[in-house]
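Okay, so subunit A shows up in both of these, paired with subunit B first and subunit C after.
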Partner chain A sequence: MSNKSLLRLLQAPSIILLLLWMLIPLGMTLYFSFIRYVLNNLRKPEWTTPSISNWRGLGNYEYVLYKSKDFWFAVQNSLLIVGSIIILTVIFGLAISILINRTFPGRGIVRVLLISPFFVMPSVNAVLWINMILDPVLGLNGLAIEGLNQILKDLQDLPLLGRFFSLWPVFEPISFRATQTSSYAVIIMVTWQWTPFAVLIFMTSLQSEDQQQIEAAILDGANAWSRFINLTIPHLARPISIVIMIQAIFHLSLYAEIEIVSRGNGNKNLPYLIGEFSSNNIGAASATGVFAVILANIVAIFLLRIVGKSLME
Partner chain B sequence: MAIVAQTSNLGKIFWPALAWLISIIFFFPIFWMVLTSFKTDADAVKPEFLIFFKPTLENYFNMTDNYDYWRFAINSTITSIFATLFSLFVGVPASYVMAFNPTKNTKNILIWMLSTKMLPAAAVLYPMTFITKNFLNIYDTHFLIILVLCLINLPIVIWMLFTYFKEIPKEIIEASRMDGVNTWGELKEIIIPLAWGGLASTALLCFIFCWNEAYWTVRLTTNEAATLSKLIEGNRAPEGLFFGRLSAVSSAAVAPIVILGWFCQRQLVKGLTFGAVK
Partner chain C sequence: MAKLKIKNLKKSYENEQIIHGVNLEIKDGEFVVFVGPSGCGKSTLLRLIAGLEEITEGEISIGDKVVNEIAPSKRGVAMVFQNYALYPHMNVYKNMSFALRQARMNKDEINRRVKNAAEILQISDFLLKTPRSLSGGQRQRVAIGRAIVREPDVFLFDEPLSNLDAALRVNTRLEIARLHKRLGTTMIYVTHDQVEAMTLADKIVVLNNGKIEQIGSPIELYENPLNMFVAGFIGSPKMNFLNSKTLTKNISTIVKGAKREDIIGIRPEHLLKTTYTKSIISARLDLIENLGENVLVHMILNNDDQIIAKMNTAPKEPIGTKLHFTANIKNLHLFNKK
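After this line comes the complex of A and B, so read on.
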């Protein structure tokens, strides 16, 4: 065997595997999105098996876009969740990475504590937050508000100040189980999990920052803020864009957290909506899937361009 | 040094203290979960036992009875280990070729591999269920989960190995080729020993991703091959009745990975940014 064909052979398994993995399911999704295909239908049993004779053209897309009331809500909600998480993680990530980018006692331990949330499995993250922390009665959320109310009540018994505190309202804990608040719960828990990721990447990048340049800026009398704006931010431009895009891709397909936090209360994102459709209307599920792929690809193209550029260096 | 000289005495105490405070806040939910796991289910919801309580290991001893924990843990371990081994087995030769014998297509292949990672899993949920249930008849088997975990991590594995292999000096390879070492010998005698650290951290990271995977492991299993992700998801709403036992099983599910994660946090940057952040 010539050397060249051996080299091809070594690459072949991974290329073939990934090609099959990508093409077959995606091809089927595309196909199902153009036919009428439902799992249970007594009136039209012929629709329960996929067949080209059930061709529906763009009908599934029209159904998803115009007739199903959930699609636009799911898109909006997906974008709200992804957008908020990205903004919060980048801000926290920048602040924390700059904060710990110095030598101080126990820095190693601080790093270990900070990075830990990133390794918690998503389903544990969701179960932990929604039950033990955010629950309005039994979670720390509920206990803290209850404690606060108790303190206020005790303060009302004070001789002089009591009248002042009796004007205060009794606080209500926020419930994170309603449609809108449960997406806030998802934002909180995922931000908690992914801020460490941003910190880690910004920190790695900060370590390669040109120290002499910073020292020169200090000698020139530049204050901390202008050093941050004019030196650190440009230096971190690429890591920031990478953090944004990687998170966009991961969080657009957020699933476990949504499933655990908001099952049954109407809060959904695109993957969850696809899951709902998949219990019966496969045509609609597939059309929604095609939209999800398009949305992810818009982000992916930018990310791949940056990665491709750094590959050339 | 100039920076240190600039910071005032107050700053020397204030900033590290703030860093400590923030890291403690971030770690707190995990600490809280572990703390709750040592409370009985009854104590776990009583405010008077919030911090001071009589610790018990009962939740950990009852994990098998309450949740059948070990069956899920063994499934997670088996699928994650084999998926990692399999993706290294397929990925090492491929990334070797791409790093040391690149053609003009190599860059495009690498980018394309990465793009497969960006397809939203949900988009192909039904086709995957359909193929594995009706066609291949491998739904809810260890084989299927291993295959899927391997496939979703293969791009990351290849990219990480590629960046590690790139760090091996070209001269070593060229010298061995002058000596007439063939491709196989090169891979076995030179590359693998030299990139051993890189291989280990790639494997570790791949294992972590496999263990934490929470879409396919939940949607493509019912019972037989169900992993810890599925176990926790199935017990999502204890309504406060079982905080103690749920914390114990959750702590047991995340502990090995959080500890492994501490050891490979630096490699994580490489694995997750595809070498674009240095």
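After this line comes the complex of A and C, so read on.
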């Protein structure tokens, strides 16, 4: 037996286990997506057990694509949520990490506090945000608007300027549980939770930035903005791509926040749609799952194209 | 081109004073080397001139302008850093043109200056490469090129050769000397290596603990060191210091007017082997290092101090024998013990 085949043989168990780990669920999903399989149907009880005799071909896919109104909306929403969160966390992450990358009293405490949102459970995070901050009546949102309206009212009672302020409209609190705004609520709360992740990664690599390069740039007459664009951003190219990649993977499968904010009303992503289908129609849920895998792959290919270069260097 | 004047310069960090009142004048076109042991403040002094550190007290003027409050980039200085500090993601051309682009100079002028500097430094072939793909010596040239294109009044070098290997160091040293001849610009060069200082400088400034110990031409410092620190720092191997107890003759008969507590310094190359009766010191032979062109003879005095003699041929005597030395009176240096 040659050395190479011995090596393969020794590696085989773990590789086979990994393959089974991936292939069995994928295979079952594909199988279910081609048959009629529902959890509860009084008229056709034979559909409640998975069997090849209930073959439906591409019927489930057709149903998901053309008959259910939410599919394209969910795809679009998935991309909106992932894209917005990535852009916002990278911007905030850069700003905050640069801000705390200098020595000041209490830096250690500030850093710990900054990281802490990352350790909050997603569902707790969602409950806190939607009820205590974004709620249009009881939350900070409602209270702030109420306060503003009170100030406006006081201003309208002023003797001379009152007439000018009376032209102003009364402010309305934003309801984050209504249709499209519920996705904004999800974006806000996840951005809050994941910015620390970006800060953490950017902070560590900012510390490895070469100080002499910065001094050379100062002597070369580069101002702070120019140094940021020409030195810091290229230095952070790799960490930025890591943050983007990891977040894209995590946020394509957001669920808890969407459930808690609006139970999917006006705001669904693909995982949530799968969840809705799987309350009864396993076949359609599996077909959506296959689409979700395809979408994730498309996103991954795009990301690899864009950010892969800086990772490979 | 410009002269540079430093008046009573002081620098402290929080409660620690690094530079204790330095006064220095550098003439237009002079090559000045700051030399001293690590921690003596030579790099800090350079950074103060560059504007990378804030001045605590005193005044620096370049040309006729006081530059204390002027931004580093407006002082007319360009600096070459120890680790080159090239911008890693820019190619050589962009590295060299960065300062000019920041100043929004027109493209033709930038191109002319970069091409010109690249030609002087023989790096025209690498203009489109990134620093990562260059060798240490090439990176060093790019760093120097980046300084040249700015056409500064004063060049500042912060230990530019310390990251190069020995052979390359000698080469680059020569190139810097040639560059100075060609450009004729004022240059200030920081090093802890006294060979670099001796070979490059028009004027050496020896620093110790944030104070200037002596300023002078290399040969002045070698022949007439003001104190034991300068005497010990300049010259290799180090000067031998002998007190009256280790001398075989009375110190006042060797150097007229010398007191008992004074110290005599003799450079290793000035010790001459002689007989006991003519000698001024005797020491036990300990070790011989043969360098080919000359021989370093290490010896131990009767108080266990070590001395070194640089000789043309190795002594024939076995290890442990007492050897006797004298020296020409003009090569003896007398120091007062502080």
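Here is the rule we use: the second predicted complex is superposed on the first by the 273 of 313 C-alpha atoms of A that agree within 3 Å, B and C clash if a C-alpha of one lies under 4 Å from a C-alpha of the other, contacts with A are read in each partner's own complex, and residues count from 1 in each chain.
Criterion: contacts are C-beta pairs under 8 Å (C-beta built on N, C-alpha and C of every residue); 3 or more make two chains touch, one makes a residue touch a chain.
None of the values given here were measured: they were computed from a predicted structure.
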{"item": "Per-residue touch tally on subunit A - higher for subunit B or for subunit C", "value": "B"}
{"item": "A:Q180 touches, of subunit B and subunit C: first, second, both or neither?", "value": "neither"}
{"item": "Partner chain(s) touched by A:P234 [first = subunit B, second = subunit C, both, neither]", "value": "second"}
{"item": "First, second, both or neither for A:Q213, with subunit B first and subunit C second", "value": "second"}
{"item": "Partner chain(s) touched by A:M132 [first = subunit B, second = subunit C, both, neither]", "value": "first"}
{"item": "Contacts of A:S226 with subunit B and subunit C, given as first, second, both or neither", "value": "second"}
{"item": "Which superposed partner A:I201 touches (first subunit B, second subunit C, both, neither)", "value": "first"}
{"item": "Set intersection of subunit A contacts, subunit C complex versus subunit B complex", "value": "215, 218-219"}
{"item": "Subunit C residues within the subunit A interface of the complex", "value": "50-52, 71-74, 77-79, 81-83, 85-90, 98-99, 102-103, 146, 150"}
{"item": "Subunit A to subunit B touching residues, read off their complex", "value": "3, 6-7, 10-11, 13-15, 17-18, 21-22, 24-26, 28-29, 32, 96, 99-100, 102, 104-107, 109-124, 126-133, 135, 137-138, 140, 143, 146-147, 192, 195-197, 200-201, 204-205, 208, 214-215, 218-219, 238-239, 242, 246, 249, 252-253, 255-256, 259-260, 263, 270-272, 274-275, 278, 282, 285-286, 289-290, 292-293, 295-297, 299-300, 303-304, 306-308, 310-312"}
{"item": "Contact footprint of subunit A on subunit B as seen in their complex", "value": "2-3, 6, 15-16, 18-20, 22-24, 26-27, 29-30, 32-33, 36, 45, 47, 50, 90-91, 93-94, 96-98, 101, 107, 109-111, 113-131, 151, 154-155, 158, 182-183, 208, 211-212, 214-215, 218-219, 228-229, 232-233, 235-238, 240, 243, 246-247, 250, 253-254, 257-258, 260-262, 265-266, 268-269, 272-278"}
{"item": "Contacting residues of subunit A [partner subunit C, same complex]", "value": "210, 212-213, 215-222, 226, 230-231, 234-235, 237"}
